[in-house]
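Two complexes follow with chain A in common, the first pairing it with chain B and the second with chain C.
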Partner chain A sequence: MSVKYVGVLWNKQKKRYDKTIALLAILYLVLFVGFNVLLHPTISPEALLVRSTATLALLMLHVILAIGPMARINTKFLPLLYNRRHLGVSMFLVATIHVVFSIIQFHSLGNVNAFVSLFASNTHYDSFVNFPFQVLGFYAFIIILLMAATSHDFWLNNLSPKVWKSLHMLVYVAYALIIMHVMLGVIQLEKSPLLIGMLAVGMLTIITLHLVAAYKTHRADTKENIEEEGFVFVSNLEDIKPNRAKVVTIANESIAVFKYEGKLSAVHNACKHQNGPLGEGKIIDGCITCPWHGYQYKPNDGCAPEPFTEKLHTYDLRLKEGKVYVNPNPKPEGTHIEPLSYE
Partner chain B sequence: MITKLRKRHRRVWLVIAVVLPLLFIAAYTSIPKYQLQESPSNTINESLITLKFPMKAWLTKSETGAYHLGLYVNEYESSVAAQVYLTNIELNDYVKNGYLIGTVNGAGEYSFTVKPEILEPHHNFIVIYDPIKQKQIYNPIRVEE
Partner chain C sequence: MSKEEEKDDFYVGYIDKAPKSISKLSRRFVWHITILIVLVAGLIAIGQRGFVNSTFEFGNVSELSGKIYLTPQPFLKVKTGKDIFGNPLYKDVLLIGYGKYGAMSTLEEIESQLNESEIDTYEVTLAGTLVYYDGVTLFELTKGAKSLLDYKKITRTSEWPSNKPNRIGNITLEGQIVDPKCYFGVMKPGHSKPHRSCAIRCISGGIPPFMVAKNENGTFDYYIVLGESGEAINKEVLDYVADPVKLTGSKLKAGEWSLIYLNPKIDIERIKE
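Moving on, here comes the complex of A and B:
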């Protein structure tokens, strides 16, 4: 969250995170190159570059896709979610090296345009096993390129949440394309049981994490609400952690009830920025902070601190015998409601 | 995430959870069941630069009874690791009906251990095949004995 556009929004934590990403990436590349040179002394430098960046980008993509569901399953992983955008852009840079050098190595030596060669050197588009697998990887790269290009705050603010989120959900299509790029390409040539096994484990892990997270949120969304005089039960007071929230879904509307400084406040659970899950965020410096991009709101009136202008719906709360209830009828956006004190 | 978005995510992943593993298995089971040999040993032989032909292949039998196929690659212009097939060029689609015995990725001298059961009488040509562009790189080379 920034008043003006800046190239990269770094703070101390993000710098530490980015340095860790860079160090781990370099360590991976060194180990990959070292082992390959030892095991396959005849391997060419070009092949090493293409393969090391391919496997690194694939590994990073798996980590990126695991962060979202992990943070929904366990809030301990939320700090990873706050920094996911930088990891995504880093993955794009590694994938770019792989794509550029693959096109140079495999398609630029003849007298045909490299991109024409990419699409026309293998035309078995009607075959499953002989399908031109490089085309799958290329389309996946186009999606990742669009995501990286629109990840900047300028695009976040100027594309509508609906368009931006739809575009970025294409990462799942890109993931499927990349899995098939590997299975119809590299695996057919290399036949390495280690590679196939690791890919299968990675794919099943990602699928399982997303299904478990989806099941967890679906169960919460469809939970039967207990009503009392127009108020709906949210949670026992003791079950809400300090500076965190409990989320309740009533008639498809999600409400986040925050507990902070001996008080309770309720706001609509969707961030005005990109519909991020505010209830999965926490109170930082007295403000509700969205886990996706750090947008902030004051809990008592749902207003973003000045000079920002975003506003959320707020809700009346009631506390009875240690149980927290919310009135599901929203107040107009930005309406101040005196926080409910429980001390 | 808003409820609508969560529902969309859930549906997308339910589809992926069914379709992607099926495609994965289909791709895995369609891997050609060639008899891939051990990785070849490769040493650059400078004297080969004088050869007029880009390749030379020969078959030898060691004292232990094992068969070795030697391969000189002089002028290797492809940038991809190519597959080496032992085949009968009289066959239709003789690349896919041949035996995959290893790969080459540059000029040099290669040695492949060949299983006796694939040494059929008329399988006496070596074909070098680019698996990316799915085409032969050189004309078939007769194996000398």
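Moving on, here comes the complex of A and C:
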């Protein structure tokens, strides 16, 4: 959290994360070049550059897409999510080398502008098999470029979390475009079952992880809501762990009920930063702490501690015979509600 | 630490030290990614079909001397020695321009530097970059008009044989139309779908289209693709470049070059592989 914008809020964990990304990327490039020079001594430096950066960027994209559902399935993977933007920007940099070099290599020094050549050389837009695959890769790159350019919190706040999130969900469109770029491009030449198989395994992994994570979320969201005088049952008190929350979804409204220091408080479940699931967070130093990026809110009024200004909706609670109930009508953001004491 | 306590571990990115159970899992994840990286890099190298041993002597400027011929496409005939009977031996080297251009515009610039008459009446020394593969040699006029290093008027025309095309007969070829500059060395691979756009750009720029056709010996034959009267048909073949095609036409021979003359409107057929 920060009250002003700085390039990167460096901390020990981020430095370690970025060093790991850099080392693994270098390791991949060294291995790729080494294996290819060994197995294909006649490979050209240009082919090495184009293919090593393409495959590295695609591998990084798979990891990026896997992190989200992995963290939903097991919260211990949250450190990977915390700095995912750094991985995204790193992937963008690697992809940039691939795209820029490919445009220079395949389209520059000709009788038309390189960008005109990109769109107008292969004109089989009416054919699936012969479709100009480079155009697909270019559009995917534009999406990744927009994502990298708006990855800073400055853009998140200025575009609003909703618009920002929608923009960044386009990564799935970019992924689909890249898969088609590969399938309609190099795979039509290589045709190796091994390469096709690797791509299929990558896709299946991503799809399976998303389905499992979606199922987990869906199961939590579709619990039957038992209502009593406008209050909806959340959980038995004993089932909420100290300093943790139970989440209940009522009419698409997700509410997190926290238990701490012998008290109960309820706030809207979406963090103001990136809609992170606050209910999967923890009370630290008396504040609800978001599991994604550590944004904090006071449980009794949903306000971020000063000097921060973010505010959440709060909710009335009721405790009856060891059962916790919540009134799903939200109070205005930042409204103080006296915590419900159970001791 | 009990299992229950471990389960309650919570990660906050801006706190210097992560809980043990979480950092342990992160480390394990990094090890798994490392193994994945080794596997992916290795399997991709194994899965690739390989690369031909074509050569583009990028950055290495060579000098070649000989006579320029402008038909069927601009090339330099280079004397390479003599046979056992004392007859001169030649090598035909296809001339191409810098970048994705044919040699014609560069040769016109060079011709304007000469004192009189046409460029093909001189013995010239050119600077450029060699491209070669499978017995075919190309010479990129890398320095444009400055590629001309020396020239002298040919006095003994008998030393330079005619390059008039001789008709051999009708022929049908199955294969792929490529741009020779990339195919013979500048790109790997310089053919098929991944290279289509680049080949179209090169052929649009005046580099002559070549037909690559597999022969009965399993090796490849190369034909310069020309119109029915030997005219350039670069524009007409663009739609077929890098696709599997069948060409029907007349086979001709001009020096070392094999040519196919055809009507691009009716003699090119797209086929399925």
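Quick note on the criterion: the second predicted complex is superposed on the first by the 281 of 343 C-alpha atoms of A that agree within 3 Å, B and C clash if a C-alpha of one lies under 4 Å from a C-alpha of the other, contacts with A are read in each partner's own complex, and residues count from 1 in each chain.
Basically, a residue touches a chain if its C-beta (ideal position, glycine included) is under 8 Å from a C-beta of that chain, and two chains touch if they have at least 3 such contacts.
This structure is a prediction, so every number in the text was calculated from the model and none was measured.
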Clash or fit: chain B against chain C, after overlaying the two structures on chain A?
clash
Partner chain in contact with A:159 - chain B first, chain C second, else both or neither
neither
If you stack the two complexes on chain A, which partner ends up touching A:146: first (chain B), second (chain C), both, or neither?
neither
Under the stated touch criterion, which partner chain does A:186 make contact with: chain B (first), chain C (second), both, or neither?
second
In the overlaid three-chain picture, which partner chain does A:253 touch, first (chain B) or second (chain C), both, or neither?
first
For A:35 in the superposed arrangement: first (chain B), second (chain C), both or neither?
second
Contact-wise, after the overlay, does A:212 reach chain B, chain C, both or neither (first, second, both, neither)?
neither
Residues of chain A touched, compared between chain B and chain C (which is higher)
C
Look at A:97 in the shared chain and tell me whether it touches chain B only, chain C only, both, or neither; answer first, second, both or neither.
neither
Return first, second, both or neither, reflecting whether A:198 touches chain B, chain C, both chains, or no partner chain.
second
Tell me the contact category for A:121 with respect to chain B and chain C: first, second, both or neither.
both
Superposing on chain A puts chain C and chain B in one frame; which of 111-119, 147-155 or 219-227 is the clashing stretch?
219-227
Chain B/chain C common contact set on chain A
40, 42-44, 46-47, 105-106, 109, 121-122, 130, 134, 184, 188-189, 191
Quick one: which bits of chain A touch chain C in the complex? Just the residue numbers, please.
1, 9, 11-14, 20, 24, 27-28, 31-32, 34-36, 38-40, 42-44, 46-47, 51, 55, 59, 63, 76-80, 82-83, 105-112, 117-118, 121-123, 130, 132-134, 184-186, 188-192, 194-195, 198, 241, 243-244, 281-282, 284, 289, 291, 293-294
Within their complex, chain A touches chain B through residues 40-44, 46-47, 105-106, 109, 121-122, 124, 128-130, 134, 165, 169, 172, 175-176, 179-180, 183-184, 187-189, 191, 196, 199-200, 203-204, 207, 210-211, 214, 217-218, 221, 249, 252-254, 269-270, 275-277
Help me check something: in the complex, which residues belonging to chain B touch chain A?
1-6, 8-10, 12-14, 16-17, 19-21, 23-24, 26-28, 30-32, 36, 39, 42, 77-81, 83, 105-106, 108, 131-134
Of all residues in chain C, which touch chain A in the complex?
8-18, 21-23, 25-26, 29-30, 33-34, 36-38, 40-54, 56, 98-101, 187-189, 192-198, 200-202, 204-205, 239, 243
